[in-house]
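So, here's a batch of structures to check.
Each of the two complexes below includes chain A, the first together with chain B, the second together with chain C.
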Partner chain A sequence: MLKTFNKGGIHPAENKITAGKPISTLPVPPIAIIPVLQHIGTPANPLVKKGDKVKTGQMIASGEGFIAANIHSSVTGTVTRVDKLTDASGYKRTAIEIETSSDEWMNDIDLNPGLVTDVSLSIPEIMVRTWDQGIVGMGGATFPTHVKMVFPRGIKAECLIINGAECEPYVTADHRLMLEKGEEIMIGISIVKSAIGIEKAIIGIENNKPDGIENLQRISSRFPGITVQGLKVKYPQGSEKHLIKSLTGRAVPSGGLPIDVGIVVFNIGTMFAVYEAVQKNKPLIERTVTVTGKSLKNPSNFRVRIGTPVSELIKAAGGLPDHASKIIAGGPMMGKALNTLDVPVTKGMSGLLVLDDIESKRKPVQNCIRCTRCVTVCPMGIEPYLIMSMVEKEKCEFLDDCHINDCMECGSCSYICPANRPLLDYIRLGKARLKKRKQQK
Partner chain B sequence: MSSTILYTIISLSATGAISAVILYFVAQRFKVYEDPRIDQVEDALPAANCGGCGYAGCRNFAEACVKNENLSGLFCTVGGNETMSKVASILGVDAVSQDPKVAVVRCAGSYDKRPRINIYDGPSSCVLQSILYPGDTGCPYGCLGHGDCVNACDFDAIHMDLKTGLPVVIDEKCTACNACVLACPKHIIELRKKNKKDRKIFVCCINEEKGAIAKKSCEVACIGCGKCVKACAYDAITLENYLAYIDPVKCVLCRKCVGVCPTNSIHEINFPPRKNLDGTDATVDVEIVENL
Partner chain C sequence: MITVSPAPHDHSNVSVSKLMFGVIIALIPTFIVSVIFFGVGVLIITLISMLSCVAFEYLIQRFILKKEPSISDGSAMVTGLLLALCLPANIPVWLVILGSLVAIGVAKMSFGGLGNNPFNPALVGRVFLFVSFPVQMSTYPEPLQNWFTYTDATTGATPLGLMKEGIKNGDSIPDLMNNIPSYIDLFIGKMGGSAGEIAAFALIIGLIYLLARKIITFHIPVSIILTVTIFTGILWWSDPTKYANPLFHLLTGGLLLGAIFMATDYVTSPMTIAGMWIYGIGIGIITILIRIFGAYPEGVQFAILIMNAFVPLINKYIKPARFGERPENE
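Showing the complex of A and B:
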């Protein structure tokens, strides 16, 4: 039986045009730009300086503090600068630029393509590996994985949920991983399961990937404790809280974390990264990116090195089409439009979407007619139209009562609004105003 | 008939009288003492309720003045020194005086000087655009031009110039209440000391990028060459992060730095036209004044 969450949600056109395209490995880029902040938390501290020679897989920036992650070089070459360079946010942040010479990997990395099924490491060693190799959540939020694997004292997790929903339209990176790296993902899940002492793991996959469900179900019969559960297609099912609601019926409290209801959630891509880190000692220097768009010549799924400039990906997908007007890092719902093609692929970039001028055009904004469709579709149960009018009238004192910070910015309200009102934009503005107001107090 | 009216009058009068007595004693019992000086101070204040002093309104500020007993850290920029001396005389304390200030927009990246490299089609708000990305020009520091500062101004002292896409401050109306400074997400607007005849010399740029990068995105950016620092005989100009800054207190308005700036990013405003040695007007500086 297929499950789903009960409150809100929308059904945008799926447009998974790259679902049938196998993952192809992109050649090593001539220049890699590796930002030191690719995760949630404090930026990593650069360990290299201009002129240093680095090898593929060498640590070039170390995470400082608990919520942080190490950064590794994804290419072999010479560091040309450690400077403030534009990242996907558009702002300039510290990054390490490396000019590639060859592709020489660190000696301790296992490059043998064969599957390693036996886990030889002890639990503390597994924890250290995930920290050392800079593993972060690959779904987009990029929360450091080692942080999620350690619980506050006295709290015990009961269930591990693996997020294979991939509810964003267009993006198929996780779908292809399920089909091509099913075994590795399963081993990754059992590693995490044993490391955090949980018996039960559920993989939630949306029903628009029947081949993915079938493949993982077939493999999971060999792995006790792991079940695969199909989900009804509904956006934003890939949100942590909604996936938990769909699979277990538990509701994470407002402002709370999944661990509050005894659940830990990881992404499919993260599990593959954990497998590579623990079994092959390979740091997180590659990821799967879906380069897609209806106007692209060759939309496809690529395995690319972190730090590859986005322009290289577009080139590999057939070059920028004539009428391209918007390039989005991530999916169309929650992704971020880029203002230059020089930005690098980071650990959290799951897709790259090229929209032409007709697709990306905003329609004229009309008046709100109180149809409450935004309220109906809001998966968090807040009232976007009300928040928008509060923000427009600068009544910031009511925003907290409207639970504005529960908003996860999924964009369902803006998508559904028949008057084309930019609801999400105003919610973001309200969040910023509220934050400033609290700081001033 | 007449008795009904009579009884009504008597009963209502009695109720009224009894209520008056009760209310009198209640009012005595729960009387709130309020310093009469608060009202006096409030009357002396400009009643703009702009919040520039850091308090919610003029009444709030008056309460703070009376409560604090001295005026250190309390200043009404709208009323200025005159108002504050009145307040001080009411309270019988020493007046605090401050140099009058005026808001200055430190960006000159107009449409023709700073080309747009992408199109922003979201809601018109500087704060929102700056959350999303640095802006539609190559300069991540520059003015976004949606006019959050204009909306913040209670005194109609700042407006957008549609030709340049930059805000313009009307010096006579500006009260230095700080509202626009707080509203600007790019921190372009600065409060600077008001000089004689509203004369101003300032670096009209806040771009902290290296010269070549800054110049590429905007013709009139400060490139951090340091020529103005050398030209200044009064040690008023500092160079930090490839950006020059003129200290408004040390600056004596000699205008030596204006001529040496290779990108014309130092602006002189409200000065008489400069005479060259042969007696002709030096038009280059006048042009800058006109642009603003």
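Showing the complex of A and C:
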């Protein structure tokens, strides 16, 4: 039985063209640009300066505060600058640029390719490892993992949910991990389960990855307490709240967190990172990125060092096609369009999508015909058309009543609108105006 | 050159014009049946109505509002087609043009064009003609006798008109039913009436097409039809000599045309499922109140316009259920 959520949702063209492409490792880039803010929270504090020599896996920026993460060098070489550089968000932010000389790893990292099944570390040691190695959520939101593993006093989680939905069209990074790193993922889940004291874990996977479901189901028989559940293919199935709703029937209250309903959610890619951090003592300096697009010569799944410039990935996938017009970090629904190919791969970048000029053009905006489609597809049950007209008419005082901040910006409304109205753009604008208004008060 | 825009970067292939042309396709069976029963008159009024609606929209946008005309979205064509299909096939050309002007000029463009009109434009056009030219609007050509006649067609009454007249004279329903076409005739459309309202089966084919293409949802037509069935069913059960049965009410007048094509107009119907039920139930009740207790034999047109007026209120108070509004933990 496939599970899903009941409210809203869309089914965009899946375009998982790289689903059959095994993960290949990309060579170490000639330069690496490593932003100190690759996660939600406070930026890490740079520990190196221009001219310093660094090794692969060496910590180069330390997390400050609780919601923060350490940053490690992904290459061996010399720091050429610590400066404000453009990242995938389009803003200039502090980053460390390293010119690569060789690839010499830190001594304490286990580079043996063999599987380490037995967990030798104690629970506090596991916690320290996830902090030390800079583990953050790999699904895109990049919330520091150690934060989710600690609960406020008196609150207990009942169930661990592993997000393998990968509902973004085109992206297949998690899919390939399920197929190629199934054991490692399962060990990672077991580690997290024991660390936070939860018996039960459910892995939710959209049904367009039957081989992934099958592989993990087969392996899960050796891991008590972990079950695999197929999910109906529906966007945004991978939204944390909707995944919880689908798998447990519980609804995270508006403005609340999964822990409010006794659930903790991690991405499946994060579990692999936890495995590497805990079992191999390896910091988060590599990730899987799907480089894809209908016009690309060689769309692929790459294992790349964090900090590799996006241009290197495009080159490895056959170069930028003639009619390429939009380069997106992430998938087509929630990804960010890049304004330059010099930005680096960061911890949360699961895909790189190249669209041609026809695909990237927005169609002319027409009047709202009140067809109800945006309301019907909204997975949060709000009214995008109403919010857009409130923002257009600058009636920001009503935006709270429209529950604008319930919007998780999945883009289903803009996707479905037959009048091509940029509903989500206006919702974002409305959120910003509302925030400003509240600050002024 | 690199394009930069906010997400999402993908769009469904649904568009306003595709939806509008979908409605036109759904009306083709009705149109064909209408031509078979009423002949050349249907062709004339449909052509004139569609042309004049598109022309008025173009002229008003171009010369009065001074903006880029948007006739390619197909909405004026839908209005024109619907207006023609709810007029008698023998109505003079100048009345069709006047009706189009009221539909497009008054009911649609004066409110700001597509999407901003509170009332269904085609119905406003029809009701304007109905109250201003009651004679021309209540003489209906006889079916199968007027293939080559237009304004000089032989005319007769509609089943609902016969019913209203008979009840006024004190006749009982079973007697009256003898003068009314059989249910088979009502189903295939062999009766007097507006051009597009007669053929129940063709309208139902249109409904199936609209539902299959996901152009509309079932809520509005089904709520109207269910309400009419239940309401007339209760009355009929209470006194079958005084009230006609539900099947008669469903198959006559503009009920199906209204429920399937007029009430479901996106712009003038509610935004939520619960709102659609309220709207549909309201239309059903008002229709039957007018048909049975009111002065006019038919009430669908007024029922829809009255409920159109309630739509902003419905949208204000009937909100979709939000995700996580109430903690629903098991």
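Going forward, the second predicted complex is superposed on the first by the 441 of 441 C-alpha atoms of A that agree within 3 Å, B and C clash if a C-alpha of one lies under 4 Å from a C-alpha of the other, contacts with A are read in each partner's own complex, and residues count from 1 in each chain.
In the analysis below, a contact is a pair of C-beta atoms (placed from the backbone, for glycine too) under 8 Å apart; a residue touches a chain by one contact, two chains touch by 3 or more.
The structure presented is a predicted model; accordingly, all values stated were derived computationally and were not measured.
After superposition onto chain A, the partners chain B and chain C occupy separate space and fit alongside each other. Once the two structures are overlaid on chain A, chain A sits at the apex of an angle of 70° toward chain B and chain C, using CA centres and rounding to a multiple of 10.
In the superposed model, A:425 lies in contact with both chain B and chain C. After overlaying the two complexes on the shared chain, residue contacts for A:62 are found with neither chain B nor chain C.
Look at A:362: by the touch rule set out above, it reaches both chain B and chain C. Touch criterion met: A:92 reaches chain B, while chain C stays clear of it. Look at A:433: by the touch rule set out above, it reaches chain B but stays clear of chain C.
Once the two complexes are overlaid on the shared chain, A:337 sits against chain B and chain C alike. When both complexes are overlaid on chain A, the residue A:415 reaches chain C alone and has no touch with chain B.
If you count the residues of chain A touched by chain B and by chain C, you find the higher number for C. In the composite built from the two structures, the nearest CA pair linking chain B and chain C is 5 Å apart. Contacts of chain A with chain B, set against its contacts with chain C after fitting on chain A, overlap at residues 90, 336-337, 339, 361-362, 422, 425, 428.
Chain B contributes residues 117-118, 121-123, 125, 127-128, 131-134, 136, 140, 209 to its touches with chain A in the complex. By the touch criterion given at the top, residues 7, 10, 12-13, 90, 169, 241-242, 245, 248-254, 256, 260-261, 325-328, 330, 332-340, 353, 355, 357, 359-363, 366-373, 375, 378-383, 385-386, 403, 406, 409, 411, 414-416, 418-420, 422, 424-425, 428 of chain A touch chain C in their complex. Across the interface of their complex, chain B is touched by residues 89-92, 336-337, 339, 361-362, 422, 425-426, 428-429, 432-433 of chain A. Contacts from chain C toward chain A in the complex involve residues 1-12, 14-16, 18-19, 70, 73, 75, 112-116, 217, 266-267, 269-272, 319-330.
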